[in-house]
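The same chain A turns up in both complexes below, where it pairs with chain B and then with chain C.
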Partner chain A sequence: MQEAMIRRAKELLADGTVNRVLGWQRGEFVYDVTPAVFASPDELDASFVYNDFCGANLSKYLVAESRKEGKVLAFLKPCDTYSLNQLTAEHRVVRENIYAIGLPCEGKADVEALKAAGAAGITGIADGGDTFTVHTLYGDQTVAKADALAERCANCKSKQCVTYDELLGENGAVQNSHRFDMVEQLENMTADERYAFWQGELSRCIRCNACRNACPACTCEKCVFDNPQSGIANTAPADSFEEKLFHIIRAFHVAGRCTDCGECSRVCPQHIPLHLLNRKFIKDINELYGPYQAGADVAARGPLTDFTFEDCEPSVVHERGVN
Partner chain B sequence: MQRIGVFVCWCGSNIAATVDVKQVAETLKSEPGVVFAADYQYMCSEAGQNLIKDAIRDHKLTGVVICSCSPRMHEATFRKTAAAAGLNPYMVEIANIREQCSWIHKDKAVATEKAIILGRAAIAKVHLNAPLTPGESPVTKRALVIGGGIAGIQTALDIAEAGFPVDIVEKQPTIGGKMAQLDKTFPTLDCAACILTPKMVDAAQHENIHIYAYSEVEEVKGFVGNFSVTIRKKARMVDPVKCTGCGLCTEKCPMKKVPNEFNLGMNNRSAIYIPFAQAVPKVATIDPAYCIKMKTGKCGLCSTVCEAGAIDYTQQDELVEEQYGAIVVATGYNPIKLDQFDEFAYAQSPDVITSLEFERLTNAAGPTAGTLLRPSDGKHPHTIVFVQCVGSRCDGGKGKSYCSKICCMYTAKHAMLTREKYPDTDVYVFYIDVRTPGKNFDEFYRRAVEEYGVHYIKGMVGKVAPQADGTLLVQGSDLIENRQLRLNADLVVLAAAIEPDASARPLATKLTASMDTNDFFTEAHPKLRPVESPTAGIFLSGACQGPKDIPETVSQASAAAAKVIGLLVKDKLKGNPCVAHSNEMMCNGCSSCEKVCPYGAITYVDKEFRMPDRTTAIRRVASVNPAVCQGCGACTVACPSGAMDLNGFSNSQIMAEVDAICK
Partner chain C sequence: MKSLLLKDMDRLLAALAENRTLYVPTDGAGGAEYRLYQPGTPLSEALNTNRSAKDFFFPQTENMMRFQMRGKEIRIEEPTRPDEDFVVFGVRACDARSFELLDKVFLSEPVDSYYQNRRAHGVIVTRCCGRPEETCFCTAFGIDPTAPGGDVSTWQDDQRLYLAANTPAGQALLNGVAHLLTDAPETAADDAKAKTRAALANLPIQNLPLDGFGEENLLAIFNDPRWAELSRACLGCGTCTFVCPTCQCYDIKDFDTGHGIQRFRCWDSCMYSEFTRCAHGNPRVSQVERFRQRFMHKLVYFPANNQGDFSCVGCGRCLQKCPVSLNIVKVIKALGGEKA
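Moving on to the complex of A and B:
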């Protein structure tokens, strides 16, 4: 796939369709592959990478990239195309300045899963088809790819690219996912149990803002948490659980617009399952206003900024809110 | 720092009995920025207002907090007071310590504490207030009346007489409404048609009135003084200009088995029809559900016989857009459906009828040409039982909780007229209470009892059972004699409750006018502004606001007209300065606000902005039209970046109030 992508990127650079390419390059470690922009065939040859660790969603980079001179080629996984559609609907990207190539995706790996399987001191990872051969300081180890899938990929919502100018390979389909199972478990807890769960998770937050910075729905010109006039910017937490408010506010902020790409949890250095907050909103919206997938249809009006006569009455929300 | 004056009103004992007003004034005096605090018996009185004016001048106040009744009551009063003393009226804030405090608390200590907190919140807000100046907008000097019953006709005539053009939109093929179906009118017993039809003709012939019959309001945009309304002219399949109303088509039409809605289905009409002889406009209408030509493509007889060539089977609905300064709702009422009241056997026997059906049975233009005959066998009924409050004053969900108001009087009228025309008839009226508060109303009812010998029985009917001999067994209780009654009646007349027309609720949504739980339109103030909707520029006429008889409807219709005229004589309207605006540096251009704006006040523009490092960038940002914005604030909560803010109710002001309350 990597060769095919580089070949196609070079063609599009050569015929002038695009003047740069948004893709991935190797990071400090073999598994931390990082988004990057390539401006020439040489740069592509030197460092363009596509492998099982290219989990990063490139769509958010298009907010800045699509406003620059000329057209940018973006390689987008199915998840990333949902984000691009949502950003297009919100006028956050200039879609005409983007040449999107949709990629098939069978799920990306999570290095934490490899580490959990016992791989410490990773020096290299070889792709063996259905398995990874992990070279470590302590010898080689083989892990099945299925066991190293990221949570969001194990519960994949869709393998379908919903917007693209060109596809590499076959388009996939919307999946029958179990992504709300954990939300349901949380809903079935008592309020005290749920509080304890979130206290355990969110107390680890170090407020590095990685979730916000990676989130494709968080693209405000001026983030409320960075705006000194908002009165809530840069305040020091009074206790270890205070950052819950940051996450709850952020979840409300992206409610109805979150495509459930899972970037928040992927980038969290403290491994907080932030996607569960967003999924709770998605699940509620689905149940109250009918199934809705943000980003699936660029022309759709989000249920929270639309009104129909079929909308549930406030009392329904209230009754549900009690449990 | 603002220099704030706090004025605590006693409202007589309304506030002072439950709130220690002296302590409120004393405590609030030590709040930051407060330089003056006083309490007074009636702050809204002239002396009270002078107290405020003097304090503004003497203490050089820059902000005023009035702790009093709801701002809905006197905010405008106190803003005028401040303006008279040279202060910007939008530097006044009201702390509602009456409706939201003294009236709902019993414990004086608790109420006093809450009043202080509410005052503190208002002070916190005033600190962030900025002087605001309202803009002006022009007034379209034309009114729309929705509904062409007696209410709509009267309102339209009065507005037209004052010299303003008025359009009436009526969904039926003719104006006239319910009153056209009535026989006699209480308490004077003049014939409804005799007094209504001249008004219908007046309306049709008035140079300032245009009637859109067989039409409905499709869409309403704009705001007071500047409404833009789309009207759907439904296809009649008849050219109303060419049609002379000769009625030949209705005679020749072979499809004559269409239930006649004007006679409530008690006889039939043809598929092409004129609702009644005095219809206005007197134009035929084809009923596409029954017309043979429309259904099968064959027939066309009406087209052949029409000498005017008015029939056009290809006619389509037409949409017209008109501009108005004011809109009057006159959508009227309907009797409720009686499916929930099986005990009265309405669905089982044709001889159990509603009072409106009874009107048609006694009307000279009705199905029996005015002779009272039983629908089942066409014989004279000799025992008639009237049942009042069928679905009115009814708890438990199957009827209406309110009193329908008109039934006592029309039932007395029916009973009296029956006894007068057919003295050999026994007439019984079952009632819960007889309510006759109106000019000459009680005299009228007493005449029915004393002169005409109508048997009034206090109690409800429990069951009506059709018998094998064709009579109806009526079982009821007589609460005064304390006994159960069983009567064999030939005819049972049910005084069905009345409810707002079904078109009212969707219309309220289009008008953004509020309704109560019974779908009656809400007035701006139940006592002091009874013909205005809380939505500016929308007025209420007739039974759409609550059950009303004809005299009351006509007076309210004229009152609504007076309010409309008062609006239309103005050349310009002062706008509301509390409108939204977008902080362009924070706006993402995401269109969320545009999507939720009910007034279409938000558009987007591409603007060039200076960016860091001496660069510029074109950004898409929201722009609010202050003349169209009504300050509802929907955009401010939809805005993901917090760029949208509302003058007078800014996010920071509201947060300051919350902080003050939580302090």
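Moving on to the complex of A and C:
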């Protein structure tokens, strides 16, 4: 796949369709890849990489990149295309300045999962089809790819690219995922149990803002939490309630717009399952307004920003009960 | 040197916890973290905790004082000084070295009494790294993980834990648990050290070019056009700064409690748009400048002010935690000059 991507990128640079390429750059280790912009065939040859660890969603970079001179080629995985559609619908990107190539995706690996499986001192990772052979300073180890998948990929919602200018390979389909199973488990808890669960998870928050800064739905020019005039700006939690406030406000703010790309949980240095907050909103929206997937259709009106006479009444929360 | 059978580890920890508060690294839902020891708390075998051990001396938030309003009267209340003696067990050589670097900042005039107070009450027990990881590069900064610092150093093989005191506070700590320890020859831990040394020899990123970061190159590095490229993917989050054992910048803030003010300080991050904001705004207007500040501080400004000591201990947390895999190693390799 990497060779095909580089070949196509060079063609599009050569014929002037685009003047630069947004992709991933090789780092110190196999899993150590950084989003990067390549402006020439030489740069592509030198460090362009595409492998099982290119999990970062590049769509958010297009907010800035699509406002620059000329057209940018962006390689997008299926879930990244949902983000691009959503950003297009919100007028946060200039879609005509983007040449999107959709990639097929069988899920991306999480190096933390390899480490959790006992791989310490990773010096190389060989792709063995269904398995990874992990070379480490302390011997080789074989890990099934299924066991190394990121959570969002193990519960993949769709392998379908929903916006693209061309596809590299076959387009996939929407998946029957189990992504709401954990949300259901939380719903079935008592309020006290659920509070204890979130207390435990969110108490690890260090307010690094990685979730917010990686989130393709968080594109405010100036976040309220960075605005000293807002009265709630902070670089650290003032008390144990504040970090919960931050995450809950953020989840509300992206409700109806979150495509469930899972970047928030991928980037969290403290492994807080933040995606569960967003999935709760998605599940509720599906149940209250009918199935809706943000980013699936660029022309769709989101249920929370639309009005129909069939909309549920606010009293539904009261009627459903809240445990 | 003293020794202890590994099966008695919990007895040792329980004895240490008898007279003082004891913190140990243990595996939590989000990875290894320091927690208050409770009988039976299993020690994490992870190389490093998610957050560094600097939290014990320089916590993320710390109350400094409180102003209480009673009508027109304002009363100032100072918080009680934490004076509880505590022990941190299992600190790695990199984090132990970070305390020496933080000391240079907080214990030089004007002395930071909050930090000084915590330092005076804390005893550090270090642990030799058994299996260094690919992200480790402490040796690039002259740190020897087989001789970890702290008040007491420990090593272990398959059977035993070996302990040696480095300071009077460490000796006093060992004296307090002497009934559990047996004497061991000074060479007892040599095999454990040799094993770790053998692993160190194969680490991929320990040979880093650091010669180019001298003060004489300050302006050249500052004005290097490659900062733009190096920082391009930076999300501007604070992950690197908050997991870093040597990042020491903080902000002092007033929190409106509704009937007064709680003045607290909290970690700040040069990655943030509000960092060092003054009347005219933030002097670093783009992420390129904020990113540059972080590495200029660690690699150029700090050594220029501290006899050449870099403000990095090579723990590798930023390599593991940056959402987009930017880190100090990439900066050093790009700007550090020829390989040593």
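Following the convention adopted for this analysis, the second predicted complex is superposed on the first by the 316 of 323 C-alpha atoms of A that agree within 3 Å, B and C clash if a C-alpha of one lies under 4 Å from a C-alpha of the other, contacts with A are read in each partner's own complex, and residues count from 1 in each chain.
Convention: a contact is a pair of C-beta atoms (placed from the backbone, for glycine too) under 8 Å apart; a residue touches a chain by one contact, two chains touch by 3 or more.
Just so you know, these numbers come straight off a predicted model, no measurement behind them.
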Q: State whether A:A236 touches chain B only (first), chain C only (second), both chains, or neither.
A: second
Q) For chain A, which side has the bigger count of touched residues, chain B or chain C? A) C
Q) Counting only touches as set out at the top, which of chain B and chain C does A:R92 meet: first, second, both, neither? A) first
(Q) After the superposition on A, what does A:T142 contact: first (chain B), second (chain C), both or neither? (A) neither
Q: Go through the superposed model and pick first if A:R257 touches only chain B, second if only chain C, both, or neither.
A: first
Q) What is the contact status of A:N188 with respect to chain B (first) and chain C (second): first, second, both, or neither? A) neither
Q) For chain A, which residues lie in the overlap of the chain B contacts and the chain C contacts? A) 222, 231
Q) Across the complex, what residues on chain A touch chain B? A) 67, 89-92, 219-224, 227, 230-231, 253, 257, 301, 305-307
Q. Can you list the chain C residues touching chain A in their complex?
A. 28-31, 33, 47, 50-51, 60-61, 131-134, 199, 202-205, 232-233, 235-239, 241-243, 251, 253, 255-256, 262, 264, 266-269, 272-274, 277, 319, 321, 323-326, 329-330
Q.
Give the list of chain B residues in touch with chain A in this complex.
A. 585-592, 595-596, 604, 617, 619-620, 638, 640-643, 652, 655
Q) Where on chain A is chain C touching in the complex? A) 27-29, 32-37, 56, 61, 120-123, 136-138, 200-201, 204, 206-210, 212-214, 222, 226, 228, 231, 233-238, 263, 266-267, 269-272
